Amino acid sequence: MIRLADAAIDPGALLAEFCAGRTDAGAVVSFTGLTRGRTDGAAVTRLTLDAYPGFTEAVMAEIEAEARARFAVEDVLAVHRWGSLDIGEPIIFVAAAAEHRRAAFEAVDYLMDQFKTRAPFWKREDGPDGARWIEARPDDHQAIERWATAQ
Amino acid sequence: MIRLADAAIDPGALLAEFCAGRTDAGAVVSFTGLTRGRTDGAAVTRLTLDAYPGFTEAVMAEIEAEARARFAVEDVLAVHRWGSLDIGEPIIFVAAAAEHRRAAFEAVDYLMDQFKTRAPFWKREDGPDGARWIEARPDDHQAIERWATAQ
Amino acid sequence: MAQVTLFGSYQDLAGWRTRAVPGGSLGAIRQAVAAENAALGEQLGHPCTLVIVNERLVGRGDGADAHPLAENDDVAFGPPVSGG
Amino acid sequence: MAQVTLFGSYQDLAGWRTRAVPGGSLGAIRQAVAAENAALGEQLGHPCTLVIVNERLVGRGDGADAHPLAENDDVAFGPPVSGG
């Protein structure tokens, strides 16, 4: 399940909802991305994420389908925030449930690597030194290569 | 931070508490272990975890210190339930916060592998076919070997 | 005329987000934009630029130039993305 | 006399959880238990058994036999563990 959220997301509530009523999955792994007050040494006061509703969910849903096909998971949830975010606010919540923990870890790891380089969001950081647009980092591009050869 | 809980633990509330106020950590990874209604094909109706308060936390704290020394994490939390659990109830919640996601993933992965084989808990599953004591699985023993050579 | 939307830094470069641009193909749209703003026109042709028509990715940069457009198609150009 | 506590399956095997057992070393405690319950005595000597004195791990199975005990020491024996 993929959701695009234009208001604050609540990782605690999302994890509680995702765990509720599960009696077959022994393992739930989650990732929460938070807006940092500093990147590469520069202060950040606000983060703005642009998205293209319709297209953005479609690409995320493709990535979700890949993860479901690739790992022995029972369920996957990804909620991505867009709009204007304060420092410390959650940007993304991703969770996977599986019978055993390895598949849950790998699915969330995979989803995050793919979202970082492929999910259509455009990020602008505002700080005392002005605004700058953020692209995927070199280590994000390296990270995604792990999945080309692995299993 | 290590906690031993003799009453129900709430992964959503723990994740919310763990994320709150973080402005330096961009990444929070969590693991939640849930009581499964079936293991290796056998139905389970109740899980009982025995622990040795004092000793159990001390071993968990040792493992936590290893993880903090080994990975670039800002914070680690592990809450382990003991006592008598219904199917679907959380057994363990582990979370790590880091500037970048790789360290957070690896720390939680490491903590779970170590807890599975080293944390002093004794588990009994009750089901229609009687009771059985559970030891770490062969794949848990394999999992822990990954950390002997890695980085 | 196609409705053209720009994302991320392309908006700042253009000074607009959405406008109607005449042209029967993506190449024609790019040329119309480049005639007015050479720097933006160059960015839209870059091989990393996502070119999206009616919410579907149709190619990257000037590699999508041949793609024909119908009246009222929604066209979008986006710089390299960074989710999560 | 040391207070001896058994964990996990050892409790089921013994039929008790905690009792006072006389003996000036862990080996003596093991022998006292084995005299009463040979199967349990053998388990306590197994190289995977955790042997804990006053909340500190002092060794495994009969490898810890030489460890001396003081009056009122807390001794615990646990089978292989499985957290998480």
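First chain written, first letter: the chains are A, B, C and D, and each begins at residue 1.
Everything that follows uses one rule, which is that a residue touches a chain if its C-beta (ideal position, glycine included) is under 8 Å from a C-beta of that chain, and two chains touch if they have at least 3 such contacts.
The chain lineup, named per UniProt: A, B = Molybdenum cofactor biosynthesis protein MoaE; C, D = MoaD/ThiS family protein.
The shown structure was predicted, so the numbers you read here are calculated from the model rather than taken from an experiment.
**Student:** Leaving every chain except subunit B exactly where it is, which of them still form connected groups?
**Tutor:** Contact components excluding subunit B, positions unchanged: A, C | D.
**Student:** How many angstrom lie between the centres of subunit B and subunit C (MoaD/ThiS family protein), each centre taken as the mean Cα position?
**Tutor:** Distance between chain centres: 49 Å.
**Student:** Counting only Cα atoms for the centres, state how far subunit A is from subunit C (MoaD/ThiS family protein) in Å.
**Tutor:** 26
**Student:** Starting from the mean Cα coordinates of subunit A and subunit B, work out the distance between those two points in Å.
**Tutor:** Centre separation, subunit A to subunit B: 23 Å.
**Student:** Please output the residue numbers of subunit B that touch at least 2 other chains, ranges allowed.
**Tutor:** 33, 112
**Student:** When you check subunit C (MoaD/ThiS family protein) against every other chain, which residues touch at least two of them?
**Tutor:** none
**Student:** Could you list each pair of chains that touch, in label order?
**Tutor:** Every pair of chains meeting the touch criterion: A-B, A-C, B-D.
**Student:** Residues of subunit C (MoaD/ThiS family protein) touching subunit A in their complex?
**Tutor:** 5, 7-9, 11-12, 50, 52, 55-57, 76, 78-84
**Student:** Can you name the residues of subunit B that touch subunit D (MoaD/ThiS family protein) in the complex?
**Tutor:** The touching residues are 33, 50, 52, 54-55, 58-60, 80, 91-92, 94, 112, 115-124, 133-136, 140.
**Student:** Spell out the residues on subunit A that touch subunit B in their complex, using ranges where they run on.
**Tutor:** Touching subunit B from subunit A are residues 10-17, 19, 21-38, 87-88, 90, 99-102, 104-105, 108-109, 112, 139, 143.
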